[in-house]
Every structure is written in C-alpha cells, then in structure tokens.
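Below you'll find the structures, each written out as structure tokens.
Note that chain A is present in both complexes that follow, paired respectively with chain B and with chain C.
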Partner chain A sequence: MKITRDQLMALLFLTPSFLLIIIFVYGFIGWTGWVSLSNWNSLVPDMSFAGLKNYIYLFGDYRFQADLRNTVFFTILFIGFVIILGLGLAILLDQTKKANSLFRNIFLFPMALSFVVTGVVWQWLLNPSTGFNQFLQVFGIQPKWYTDTNILAGFQWGSIEFGLPVAMIAVVIAAVWQMTGFSLAMYVAGLTGIPDELREAARIDGASELQIYRKVILPMLTPITMSVVIIMAHISLKIFDLIYAMTGSGANFVTDVPGVYMFETTFRGNYYANGAAIAIIMLLLVAIFIVPYLINSRRGAS
Partner chain B sequence: MLKKSLAFLFMFILMIALAACGGNEETTDNTGTTDDQTEDTSDNGASEEENAESSGDGGTVEIFSWWTGAGEEDGLLALIDLFEEQHPDITVENAAVAGGAGTNAKAVLATRMQGNDPPSTFQVHGGAELNESWVAADKMEPLNDFYEENDLMDKFPEELIDMVSKDGNIYSVPVNVHRGNVIFYNMEVFEEHGIEVPTTLDEFVDVLAQLDEAGVTPLAMGDKEAWTATQIFENLLLATLGPDDYRALWEGEVGFDDDRVRQAAEYFETILGYVNEDHASRNWQDASQLVGEGEAAMTNMGDWAKGYFSNDLELETNVDFGYFPFPGTTEDFMVITDTFGLPKGVENPDTVKEFLSVLGSVEGQDAFNPLKGSIPARVDADPSNYDEYGTDTMEDFQNNNLAPSLAHGSAASEGYLTKANQEVNIFVTQQNVDQFIEKLQQIAGDL
Partner chain C sequence: MMVVRKIAKYAVLIAIAIFFLTPVYVMLITSFKPLDEVSLSEMWSLPSAIDFSSYTHAFSELAPNLMNSLYLVIPATLLSAILGAMNGYVLSKWRFKGSEVVFTLILFGMFIPYQSILIPLIQFLNSINLYNSIIGLIFTHVVYGLPITTLMFRNFYANIPDSMIEAAQVDGASFLGIFRQIILPLSITGFVVVAIWQFTNIWNEFLFAVTITNNNAQPVMVALQNLSGSQIVQWNVQMAGALLAAMPTLLVYILLGKYFVRGLLAGSVKG
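Entry: the complex of A and B
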C-alpha cells in the first residue's frame, strides 16, 4: 500500500499527541491501577502485590460506603433537576422568542464561575446561622441545610444508614444553580434545530401545543438529553471542588464524596494505595455511563 | 440551520471539558482553615529563579515550609534576614508552599523526597510526623554531633528532645512551641454569670451546665475539619490518663480498652451536648469569633487562636478574653512544635547546619517567635520579647509535663491521625461510646 502525502502529514501531526496521551493519560491510569493493587500505604513506596486488599478495605469502610451513598443521591438529584429546569426554561424561552439570547446568557453565566466560588458563596447563603435562614426566620422555618445529619427514609445497610442525606440537598442546590444554564443552552440549541415545518405540520393535523411538545419536540430532543446526562454524570461522579469549598466531609460524612476521601487519604494520610483504589473506582463509575454512550455513538456514526 | 446548532453544541461541550479540567486542579486550598494561620500570600515561583543563579562559595540553603500566613511568614522572613546578616556568603531560598494546613506542602515534600531531590531543610512537626515517616524511611541525618558542637543538649527540655529523637539519635532542631490544651474564654460572660475558672473535668462539666442554663452557648466548636474535635478528645485523654499513660497510649503500651479511655469518651459525649449547634459549618476561627462576640463562653484551641483574638478580633488579653489550661491538664503542656532537620542526600550539609545553628540559637528563636505568636523551644530565651500570654506560657513550658499532640501529628503517624479524625467525626454525630472505643481499637494497628 502506498502512503499518500496527506496520510503521511496526518500521521506526523497525530503521533506526538497520540504518544503523549498514551503515556500521560493511559499510562498513568495503568500506573494508578497498579498502585491500587500494591501495599503502598505509607511514605515509603512498597509495590509488593496486595491483591484486592485495598478494595476490600474500602467497601467495608464506613466512610467509603457513605461516599457511595452520597454520590448516588447527589447524581440522581443533580441530573434530574438540571434536566427538568434546563428543559423548562428552554421551552419558556422558545415560547416567547423575546430577548432570547439575553436570557440565555443570564442563565448561562453562573457556569463561568469556578465551582470553588460557587461553593464559598453557597456556603454562606445556606449557613444555618446566617444567609437564607435570617429571611426564613420570618416564617418560623429554620432548616439546618448542610449541617443536618438526618438521613431521609434511612435504613441500615452495611455499616451505614442508607437513604437521602438531607445535607446533600444544599449541595445539590448549589450545583444545580451553576449547571442549569448549560443544559438550558443545550436544549435551546436543540429546539432551534427542530425545523418549524414539523410544528406547522402537527398544527395542521390539529395537535394542541402541549401535544406538539409531548409527541414531536421532546422525542426529537432525546439525543440532547443523552448528552446532558452524560456530561452531568461525569461532573457529579467526580465532584470534588464544590464539596471541598462548601461543606467539607460534613458531620458523620453526610456530604463526603469519593474525590474528597481520595484527596485526604492520599495526601494527608499517605495511604497511596487506598487513594489509588478510590481513583480507580471513580473511573469505573464514570465508565459505566461513558462507555455505552461511546459505543452507541460509534454505531450511529457508521 | 442544523449545522449551526451542532457547531454551537460542540463549542459548549468543548467549553465544559476545558472548565472541568481547569477546575479540578486548582482547588486544593480554599477553605481557609490552616492549623496555624490563614491568608496564604506567598509567591513560591520566585524562589525557582534564584536557584539557578546562586552557586557561590557559601552555597544555597533552601528552606521548605508552609509558613505563608500573616504572622508566620513575617517570622520566617525575620529569621532569614538574621541568617543572611550573619552569613552574607550564603543565599537563602524561601521555598514555602501555601495552602491546606500544610497538606499541599507535605504532598510536594513527599514527591521531592521520593524523587531524591530533598530541600536543604524542611518544616516538620516534632514527634511521629518526623520519626515515623522520614526517619523511619531512613531519609534523615542524625544531628547528635551538631547538638554537641552547638551545646544544645541542655537548651531544650529533655522531653522535647525526646520528641525529635528515635533510637537515641536526634533528627531535628525545634524552633517554636505552641500549646494545644488551652481554653480561651470571654471574661465578660464569665463575670456576668459568676463563673470560676474550672480546674478539673467535673468542675468543667458543672460550668458547662451552669452556662447552658443561663442561655449562653457554653463551648464553641468548629469541626468543619475534624481535627478541632480530635483536639478536644486528646485533651480529655491527657486529663484522664495523665501524661505518662497518655504517652504510653500512643506507644501501644496502654490499650484503647482501658477504662480511662472510655471515661474520656464519656466526658467527650457529655461535652458535645454543650457545643454550638452549627459546629459542622464552622472552622476554628468562626468558633473563636463566637467567643469574642460573647455568644459562646469558651473554646478549646491551640494558642495560635491567641493571635486571632488579639490581631483579627482586636480583643485585649486578660481584659476581653482570658485563657486557662484545659481542665484536668493544668500541670501538663500539649506540645505542638515545628522543627527543621537535615535530609540525607543534601549537597552541602555543612551550610545547612549553619542555618540550623542560627535557627536553634537564642537570637534566631527570638527573631522568629514573637512575630509568629509562638514561644521559643529553647528554655533560655529572653522573656522580655514576648507578651503577657507568651511569658505565662514560657513559664508553663518549663515547669509542666510535656505531652505530644495527636491532632497535630506528634503523637501518631499521619495515617493513624487521618483515621482517628474520621472516627471522631462519626462520634461527634452518633455519640456511640461503645462503637467509638471499638473503632479506636481497630485502627490502633496503624499507630
């Protein structure tokens, strides 16, 4: 086979980044995986093989079980609200068509902030002795927000109480506030992509506005929803900065997440192998979402 | 139309990806809660450049620390000035790493030590943080000869030298001492309710109950980071066990199934009934503020809080706020000491020793400590340089029994401390003494 000039150029341009990615992304993922199977739990590297010891320890650990519980509920609530609010706002914008781009920018703006900034701001807004509670006092309600240690609908599972940690709701509010603009922008783009002819045709067939949305527009937005879910899932499963700035681990680990645990156990406790194991588990969790999506989109493309 | 919207979409995905990458990396330091001081203000980029230029006869000393906060950085700079005055031929590099209560610095240090690129000398708390990690990993040079040459053996309390020694070898030079078993209180609140300073744990519990009835928050705690609660528990352990058995506990000679450990846990449970409700949302500064404002009566904190009371809240010592040793530990001194040692594999150990000798001298310690707000580790420093609190503490330091702090890494390894903090965090909410003791026994293997 003869290599054309174009192909050669392409190869030349691709090789450096290909090599860098192989080494610095996949190489280090592999290294982390190896560390997670070692006995390296002190300052002195000890790469002797430990099998799944670190993983077994983690799954029996109170804190890690709490982390998994928190991640599950955070992810569900976060993605749910981001989609519902984003879609709702997008439809409203789509209806009015007035000042469309102005509102889109207003809603999108929180995204320009770092999660750290959001975390600090909401830490004060939802602080039980300052912030919103000063206002809510008028109505005699005093939620404890992220200092609440209650678990809603909790039951004993493993060593933890499984259920919705009330404190997590405060974190969800902050995260949703920041990311709703993103899903809004996605849905606005999706809605503009739907040709007006389709709506016209539906109207001619006698469909009500509600029916048009339910039967025509929403189904056409499914790919957008898929993308939003994937993007939000990878944010929420890896979340670290928002939690670290806003609440920390929380009393009784009600707002702890694997990212925070990994940081503390690795860099404060020098449990490198345990930390690596947490990192690998986080990677697998994200992979559960990403891999089917990638396979699906490859099929769609070919 | 469709193409345009797809491009729009693609842009956003790209944007999000970039935002996610950027965001994750620069977030290690922000909660503003460091052991000693906040406000990270150093620029550590500058030191790199100096490195390349300076290779004169005297050589270079690179001082690695996490002293970047207001008072502590001033102290370090004063110490460096003094050294440069005495040794104009030696260049000093201030390689301070900001953030995370020293966590960032420790992570950088671990990387450099493991890569055999140690700094000339680095900040490390005396006790397990030094002995169980760097000394155990065989990364430190013994300094016995240095101590003898500089005639230092009798200049530090014996118990302090023990904290920086392992198997008969001395590994670092202490520069300062902070005290961990102090309770700061609002004098006006105490006066108003006619409360006497408690000296035993039972008196303490009575005082807590009295204040509670009077409608004041008896004890302010800010355990957004768990070590503040761990600090209360370690003081209780010191009170119930006494200094000798307290030390024996960390050496594994007294078990966690000891009745007195249980007693400490029970006192802990009682005391937790009297803390402010929003403790989980506060850090130690926020908790101290409650005391300053008179909303709470007392708070237990290391004596870096004294600097916070006088400098940040602008309160007057022994007028607005007072201090007393943690009840039951009036004869004891919970030591938190910053020390500097000599890592193995440093190019110019003699130059580094010059720096250590200035650091260990009376002039050095008196240059550093008044600014940092700590007391000198040497027993013969000049008390006239220190304020009322400092001279009081210096006297106690010489006369009391010294005990190593768990919450600050002196009593046990960092790994054990991380796990102990986790168990304390769970206990603060669940308050289940049996389970707590059981867990403490389980993690004792990491001591």
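Entry: the complex of A and C
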C-alpha cells in the first residue's frame, strides 16, 4: 500500500495533537497512577514503591469516606433536579409560545458564569443569617444551609455516619441553578426535532395532550436524558471549584468532595501520593460512566 | 379552562425566572451599596443612592488579574480552535483505518478529572520553567482543549457534503488546497461557536489556574476567590468583583447567545 501525498499531509495535521493527547492525557494518567503507588507524601519526591498503601489509607480515612458519601448524594440530587427542572421547563416552553426566547435566555445565562462566581453569590444568598432566610423567617423556619452538620437518615458506616448531609442541599441548589440551562437546551433541541405530524397523528388517534407527552414525546427524549445524565454525572464526580468557592470542606467535612480533598492534601499538605490516589479513584468513577457511553455513541455514529 | 391553564403555565415560568434572576438582583444591588448600607438585615433592599466605590475597590484589586485572563484566553482560544479545525478536517474528511479509534482516544481526554494529570503536569511545567506563568497556562488549556475543539469541528465538518471534496479532488485540488479554499471559508460559524465556547470555559476555569499560577500570574477567577476568601473584604466589594469577573463571558452570552447554545449542544458528543 502506497501512501499518497495527501494522506501524508493528513497525518501531519493530526499527529501533533494526537501525540499531545497520548502524552498529556494517557501518559500523565499513568504517571499519576505511579505516584499513587509511591511513598511521596512530603515536599521531597520519594518514588519508592508503596503498593496500595495510599489507597488502603484513604478507604479507612474519615474524610475520604465522608467525601464518597457526599459525592453519592450530591450526584443523585444534582442530576435529578437538573433533569426534572430542565425537562419541565422545556415542556412548558414547548406549550407556551410567547416570550420563549426571553425565558430561555434567563434559564440559560448561568451556564456562561464561572462556578467561582456562582459560589461567591450563593454563599451570600444562603448565608444562614441573611439571604433567603429573611423570607423564610415569615414562616418561622431558619435552615442552617451549608453550615448544617446534620446527616439525614444517618446510620453508622465505616467511621462515618452515612446519610444525606443537609449542608449538601445548599450546594445542590447552587449547582442546579447553574447547570439546568444545559439540560433545558438539550431538551428544547430534542423537542424541536420531533415532527409536528407525529403529535398530529396521535391527536387524530384520540390521544390527550398528557398521553401524547407520556407515550410519544418522552420516549423519544430518552437518548437525550441519557446524554444529560452522563454529562452531569461526570461534572458532579469531579466538582471542585463550586464547593471550594462556596463552602469549603465544611465542619465534619459535610460539604467536602474528593476534588477538594485532592487539592488540599496535594497542594496545601504536600501529600502527593495520597492526592494522586484520590485523583485515580476520581478518574475510575468517571470512567465507569464515560467509557461505555463513548463506545456506545461512537458505535452509533459510524 | 384553557385560559386558566395558560395563566398557570406562565405563572410557573415567571416564578422560576424570578428565582433564576435573584442572584443577579442581589449582586447588582449589593455592589452599588456604600459600605455602611451593607448589612445582613437589609440585604434585599435597594441602595439609597448608586455608589461606585465598591467597583473602584474591586477593580483596583482585580485589574491585573483581568489582564492576565485576557492574555491567557485569547491565544489559548485561537490556538485550540486552529488545532481543532485541523483535527476535525482530517477526522471527518480524510478518515483512515483506525481514525475512529484515534478520535475516541482524543475524546476521552475531555471527560477526565484534571486532578488525575495535575501532579505530572506541574512537575513537567516546572521542569521547562513554565510553572507559574501565563504561557504555561496557555499551553495547558490548548492541550486539554483539543478534545472539545476537535469534536466540535469534526461534527461541524460532517455537515459539509463529501461530494464537494470529491469534486475538488477531481479538479486536482490537494489536501491543503481543499482545506484552504473550501473548508476554511465554510468554517466561519464553526470558529465562532468554538471560540465562544473556549473563551467562556478558559475564562471561567479555576483548577488549572489555582494550581499552576500563584500571585502575579493569576487569572481573575483565582483573584476573585482570594478576594471572597479574605474575611476583611465586604460583601459589596465581593459582589462588584464577581460581576466584574463575570462581565466578559456574560457580554459574550448576551451578544452571541445563539452560538453559545450551539456550542453547548455540539459538546454533547453526538454526531
């Protein structure tokens, strides 16, 4: 087989980028993996082999167990609300025609903001001594928001209390505020893609509006829901900046997540091997969602 | 009945819209208040007069970092867009055996938690003397921006009919000739979408910024976080700072929102 000039040029176009990805993504992941198996837990690099010591330490660690718990509840609540709110708003906008683009712009603009900005603002809004609590005062409720240390429905599990950390709800509110626009845009695009004839046909067959949504439209939106879940899951599993800017780790680590722990233990505490182990666990968690999704969507595309 | 339903639907939309706009309202009114009007109990009330002192204060704190962000975001956006266009062209119009695998391998890079490459990255930047420099940060954003820009351009070029390429080849056009004379002129929208997306993401990015730079090379988001992290800084200054830091991406969204949404949809792998 002879390679033509054009094919050679094509390879020249692609190769630099591909090499960068191989080195800086895959090579560096391998390097991090190697660090995570080392004794490098001080300022001076010490790459002597430690086996799984750092991982064993983490899984027994109070803070890391709390992080895993927080991540589970944050991920479930965050994805749930982003989908329900995004889908609900998209359906509402689908039925009301007036001022649609204005509403869409209002729901979407937080997407253009930094998580840091969101964190700073919501820290102020959900401050227990002011913000929304001034309205809630009327009803006699004063949530402690991100300063609450309670664990709902908690039971002892490992060294932590497993259950919903109430403080996490405040972070979920801020994250949902920021990311609902994403699912809304996806669902709006999906709804526009459903031909009117389909609804018309269902209507002629005597289906009510509710039935049309339940039997015709929602099933057609399932692939979009899948995409939204995957993309939100990977954002939620690696979340760092929102929490770092809004609440930090919180008392008893009620709002701590692996991303924050990794950052603090590595770059503030110089526990590089521990930090690398956290990073590898985060990567594996993300890979569980992403790898099947990538393989699946690539197979569908080609 | 129909009318009642219609009103109910709008009522829900308006209520949620108010909720979405609340943070903006609070940011605006707080940032225009003089210090003595910033109190926990009067958080929601309008300022008695418009006062720009928190903006001058926040601006004097953030100005160098705003410039850093600008020096970072412009070259990083341009470079990653150009490389993305080159990759997208090959991966959509010059497919070869294994090109799908190459594409999937590149794509995975967009989902990884950057914590998992951060320690080697900093060691590497340190060894080539680019740690704590804007150039180091530009390099980082170009490399880790490659997956998304490649994906966006590949999807964009998939819409250009192959027959156009074939016709040009019949006329004797080469790989480069087709790229310059057919693909690039058709890529204006693609570049706008990708550039807006990269601009927004790089401007807003925090993890690389806070770990790769300290003090004088820090982008604005790190400076904003430092500003709000210090106990002595008042809320009015923090809110003014947050608005200043958010202004460039907000403006882009307000002026070119359509393209921003296209980028958002294009980034969701499909296609």
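Couple of notes before you dig in:
In this text, the second predicted complex is superposed on the first by the 298 of 302 C-alpha atoms of A that agree within 3 Å, B and C clash if a C-alpha of one lies under 4 Å from a C-alpha of the other, contacts with A are read in each partner's own complex, and residues count from 1 in each chain.
Here is the rule we go by: a contact is a pair of C-beta atoms (placed from the backbone, for glycine too) under 8 Å apart; a residue touches a chain by one contact, two chains touch by 3 or more.
It should be emphasised that the depicted structure is a prediction, and the values quoted were computed from it without experimental measurement.
In the superposed model, A:Tyr62 makes contact with chain B only, not with chain C.
Touch criterion met: A:Gly275 reaches chain C, while chain B stays clear of it.
In the superposed model, A:Phe240 makes contact with both chain B and chain C. In the superposed model, C is the one of chain B and chain C that contacts more residues of chain A.
Using the contact criterion defined above for the overlaid structures, shared-chain residue A:Leu14 touches chain C, although it does not reach chain B. When the two structures are aligned on the shared chain, A:Met111 is found in touch with chain B and with chain C.
When the shared chain is aligned, chain B comes close enough to touch A:Thr265, but chain C does not. Of the two partner chains, chain C is the only one touched by A:Thr96; chain B is not. Of the two partner chains placed around the shared chain by superposition, chain C is the only one that A:Trp122 touches, whereas chain B remains out of contact.
Chain A residues in contact with chain B (one complex) as well as with chain C (other complex) are 111, 114-116, 119-120, 123, 127, 129, 182, 185-186, 189, 227, 231, 234, 238, 240-241, 244-245, 263, 267. On the side of chain C, the complex with chain A involves touching residues 6, 9-10, 12-13, 16-17, 19-23, 26-27, 30, 40-41, 43-44, 83, 86-87, 89-91, 94, 96, 100, 102-109, 111-121, 124, 143-144, 146-147, 150, 174-176, 200, 203-207, 210-211, 221, 224-225, 228, 235, 238-239, 241-242, 245-246, 249-250, 252-254, 257, 260-261, 264-265, 268-271. By the touch rule above, chain A contacts chain B in their complex via residues 41-45, 62-63, 111, 114-116, 119-120, 123, 127-129, 144-147, 149, 182, 185-186, 189-190, 192-193, 195, 224, 227, 231, 234-235, 238, 240-241, 244-245, 247-253, 263-265, 267-271.
Remark: chain A residues 5-7, 9-11, 13-14, 16-18, 20-22, 24-29, 31-32, 35, 85, 89, 92-93, 95-96, 98, 103, 105-125, 127, 129-131, 134, 177, 181-182, 185-186, 189, 227, 231, 234, 237-238, 240-241, 244-245, 258-259, 262-263, 266-267, 272, 275-276, 278-280, 282-283, 286, 290-291, 293-295, 297-298, 301-302 touch chain C in the complex.
By the touch criterion stated above, chain B contacts chain A in their complex at residues 1-2, 5-6, 8-9, 12-13, 16, 19-20, 22-24, 26-28, 30-31, 103-104, 106-107, 110, 113-114, 133-134, 136-137, 223-226, 277-281, 413-415, 417-419, 422, 425-426, 428-430.
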